[in-house]
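Next up: some structures, all given as structure tokens.
First chain A sits with chain B, and in the next complex the same chain sits with chain C.
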Partner chain A sequence: MKVLIDLLRYNREFLLGTILISIILALVAASFFAPYDELATYVVIPDMPPSAEYWLGTTSRGQEVFWQLAAAMRNTLLFGVVVALVSRVIAIAVGLVSGYLGGRVDQVIMAINDTLNALPNIPILLLLVFVLRDQMSWPILAVTAALLGWQHDSRLIRSVALSLRNREFTRHAVFSGMRTGQILWREHLPYVMPIVFYTTMNNLIWAIGLEVTLSILGFSDINRPTIGGMIYWANAHSAMVAGIWWWIVVPMAFVVILFLGLFMLAMSVNEYIDPRSRLARMGA
Partner chain B sequence: MHEVLSKAKKTAVTPKNVLTVEGLKAYYINEHFGVRREVRAVDDISLTVQRNEVYGIAGESSSGKSSLIKTLAGAIRPPMRVVDGSVKFDFGGQSIDVYGAPEQLKPARWRHLSYIMQGSMNVLNPVRRVKHSFHDFAYRHMGLSGAAFWSKVRQHLERLGLDPDVLEAFPHQLSGGMRQRITIALATVCEPEFIIADEPTTALDVLVQQDVLGLIKDVQARMQASIIFVTHDMSVHAAITDRLAIMYAGRLAEEGATQALFDNPQHPYTAHLIGSLPRIGDVRVRKSLPGKPPALSDPPSGCRFHPRCPLAIERCSREVPLMQPSATGGRVACFRAGEVVAA
Partner chain C sequence: MHGFLIYVLKRLGQFLFVVFTGVTLAFLIAHFSPVDPIEQTVSLLTSFGNTDPRSVELLRESLRELYGTDGSLLEQYFTFWGRVLTGDFGPSLSAFPTPVSTVIGRALPWTVGLLTLATLLAWTIGNLFGALAGYFRNNRFLKGVGVLVMSMQPIPTYIVGLTLIIVFGYLWPVLPISGGAQLNLEPGFTWAYISSVLVHGTLPALTLVCVGLGGWFISMRSLVSNIVTEDHVVYAELAGVRGRTIFSQYVARNAMLPQVTGLALTLGHVFGGAVIVEFVFNYPGVGKLLIAGIYAGDYSLVLGVTTIAIIAVAAAMFLIDILYPLIDPRVKLG
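== the complex of A and B ==
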């Protein structure tokens, strides 16, 4: 708690990141109090510019941009969090096991790891969308994205686990008869946690970017509001040409706010974890 | 002299050996591109350690001390391999053959046999509180329920002169000496019969060192445990060990009661080692031995010490001297053992 207050006071990136993410979270919270069903169309007058009645205007589909944005933000963030969590579990498990066991096991796991890493993400996801067509739902997309998004971080974790393997406390733990699983879970996991925090933020940004990309192209459940989905519909109704600029600018602006917020947090968390950059701040 | 002999006699008649090592050979075996290299770090070593005894192992760096005790603890990993010989523990009737039946050793570790490792200040996980280390290492072996376990741990820490509140601390919040004492507490909390200590005091300054040595001695005396104590520091050996073995290039050179060894070394290497120790008031320049310890991958033939030995004769380069009973009640591996004069 004290750490948090200190970070807010002395670290401008952390302060800015916190403010930006608070805006996003407030929006997500607001989505639960929406007056309209988020899937319903033509509930308000279409194509109204931002005003006191419609804060961010309305769309050509007769939806309020503000409430659409709130629901979209919630869904997009949920997607990102699911991807980040699932891929973290895989990255930690693979990284720790591979680094600790070493030798032949390590070689095999890392060969698989690097092969997966070399696969291009977007074409695979497009292929999946074409194969599944109507059965495509966001949880399937999230799990697929998670399966494509852990390789880099597992390598990072493995590199730390490799050095932990020969540390005195590991040798001691082995000697005292702790099982491999216990050693990984109790001794090594706390050690790599800072890296996990940091990479989670980056992974979240990557996953949201992926979701936006696919949705803009229409490769997801297009009726479910997401940031990319909003832009997809705006494009489908030629919003820019028709002069309905608020329909396309608002989701763009908010996804930028989200990215900036996450990036600032990731940066300041990194600074908190890495004493060297903290020293640099102090002028040492 | 008389006391030494009586002690030696006791060694001969008491069969209560906690540790018996016979003809142990453990080599580091590397094979690169079909070329096989053997590093004979532990070469044909036999020794016994009795109950309630502190057994010292001395020798210069890379003489195989750490390799030997790792082998004794069954804590070796490839490329090191046991080529020949046996290591047997006897914990109150329960005998364990470390390399004959390795599965017996696992449950005995920490409970009966604990290990204070080299650089042991770092055995505490830097990102976890001390209490977690106690829980991880000792809880399983004690067979006590939560509250009873913690009161035992606290009691034990108090007995070692530590504030039980250190359990809540992270290792980086403690001084080197405190961490060292915690490590010793950790290794002794299960009251093991046998403790292997690998240079537990090397990284400490002399005052803390004295403190820690006293602590180890105390714990040992209370638990009637046996300790194998490894260090290159002869003054530490003089302070703490009952019997002392001198290692040179992977072999034992001499073994005997510590006092007798210091007073009357039988092996020329021991004589020089002891002769090199500074004494207060003595201003003579210490003689150093020319040469350096041999590479264990390509040791000299015969006695491994002969290229540096001032007493070497032709036979020394041909034959390996075996450990023979010495005049002072110990054992020595030298053809000219009787002719050695302390330098």
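== the complex of A and C ==
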């Protein structure tokens, strides 16, 4: 708790990130009180500019931009969180095991790790989207994205685990008869948690970016509101040319808010992990 | 020299392993999908008007041969490898009867040119400013640059591209927002054509540079600010070495090494960004080809582009790894 207050006081990035993410979370909370079904179209007058009645205007599909945005933000965040969680589990497992076992096993695991890392994600995802077509749903997409997005982080975790391997307490644990799984879970996991938090933020940014990109291209369930999906529909109705700018500018602006918020938080968490730069900032 | 040879062989092994894994993965995804590409194509081709059932059967047969779905799984796998190695992915359905390899060959130079230029620009500018910002920690201007490039870095490529289109295409229409060159110009080494290519490439390249800059800036700044506190730098300062020499020879040169390795590692990611940029700006490269292929249901084109992309990215990484000993002489000694 004290850490949080300190961060808010001395770390402008953390403060700004918290504010930006609060806006997003408020929007997500609002989505549960939407007056319309998020899938329904033509519930309000189409193409109305922002006004007192329609805060952010309405779309050519007769939906209110504000409530669409709220639902879209919730769905997009959910996607990002699922990807981040699943890929964290893989990254932690691979990183800890590889670092703890070391030697040959470590070499083999890391060779596989680097190979997977070298494969370009977007073409592989697009190929999968292509062959699955209509059977592509967001959970499948999330799991696939998670399978493509852990290699970088597992390498970071492994480098920490490698240094824990020869520490006194690890040896104690081994001699006192703890099983390997227990050592990793109870002794090593707490040490890598700061790195896990930091990489989670970055992974969230990556996953949401991926979702936005794929839905803008129309490669996900386009009826389910997402940030990218909103832009997809706006493009499909040539909103920019027709002068319905609020339809496309609003989701873009909120994507920027979301990404900046997450990025600021990631930066400040990174700074928290590296105490040298924190001290420099506090003027010590 | 001996150490260098071992180094190259190791990298070559890794390159081959990456290609092998990627091609196998592409094969498996394409093969185990619940959607049958043959039936899909058949329904695509027969959706207009009535077609004679016998000709449909003939169509199925020739498609089976075309997509290499004859025989057992292992046989199909070897057929696929044979096609990859000879670069023969059959004719493209959306540009029938042009072979997929020709279509890709036409698009590849655009992507390679755009990517090489944008990546080198982003890498150079990002590292230069990052190094300066790490060395002169209290410089106001550099801090401002830092805030600017870092806030652009997390934003998805598409959003950056679209913003640039809105700014330079609608609000202040000075740059072309679509295509690779002016359409009525004959391609060739004429000044008009080359300048048209450059002008059309400005916004796509600018998008990639904007997105790529921040990552290099951040990592270079933290690398440099760590190296600055190291003993050899302090010693050089005490010995009265000129500031400029310290910066370029003692600090920046050491900090560059991990950045070159980083360049190789991020290429796959950069390629993904290029796919999006080409889509946004309607740029005639392989990324746009891939997306157009998906929209058109062109199975052989999509599979061909994916495979080529995997191999090309792996090859570019291999190239960077091979050039690495030029800047880090320790590798040569082994």
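Quick note on the criterion: the second predicted complex is superposed on the first by the 282 of 284 C-alpha atoms of A that agree within 3 Å, B and C clash if a C-alpha of one lies under 4 Å from a C-alpha of the other, contacts with A are read in each partner's own complex, and residues count from 1 in each chain.
In this section, a residue touches a chain if its C-beta (ideal position, glycine included) is under 8 Å from a C-beta of that chain, and two chains touch if they have at least 3 such contacts.
Here the structure is a predicted model, which is why all the values come from computation and not from measurement.
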item: Fit or clash - chain C, chain B, common chain A; value: fit
item: First, second, both or neither for A:F130, with chain B first and chain C second; value: second
item: Which superposed partner A:A173 touches (first chain B, second chain C, both, neither); value: first
item: For chain A as apex, the angle formed with chain B and chain C - C-alpha centres, to the nearest 10 degrees; value: 100
item: Between chain B and chain C, more extensive residue contact with chain A; value: C
item: Which of chain B and chain C A:E187 touches, first, second, both or neither; value: first
item: Touched partner set for A:F197, first chain B, second chain C, both or neither; value: neither
item: Which of chain B and chain C A:W55 touches, first, second, both or neither; value: neither
item: Touched partner set for A:P120, first chain B, second chain C, both or neither; value: second
item: Distance in angstrom between the closest Cα atoms of chain C and chain B, superposition on A; value: 15
item: Complex contact set, residues of chain C against chain A; value: 14, 17-18, 21-22, 25-26, 29-30, 33-35, 37, 40, 150-151, 153-159, 162-163, 166, 170, 265, 267-269, 271-272, 275-276, 279, 290-291, 293-294, 299, 302-303, 305-306, 309-310, 313-314, 317
item: Chain A - residues contacting chain C, complex; value: 111, 114-124, 126-133, 135, 205, 209, 212-213, 216-217, 219, 231, 240, 248, 252, 255-256, 259-260, 262-263, 267
item: Parts of chain B lying in touch with chain A, wherever the complex brings them together; value: 73, 75, 106-107, 109-110, 115, 117-120, 122-128, 132-133, 136-138, 140-141
item: Chain A - residues contacting chain B, complex; value: 167-169, 171-178, 182, 186-187, 190-191, 193
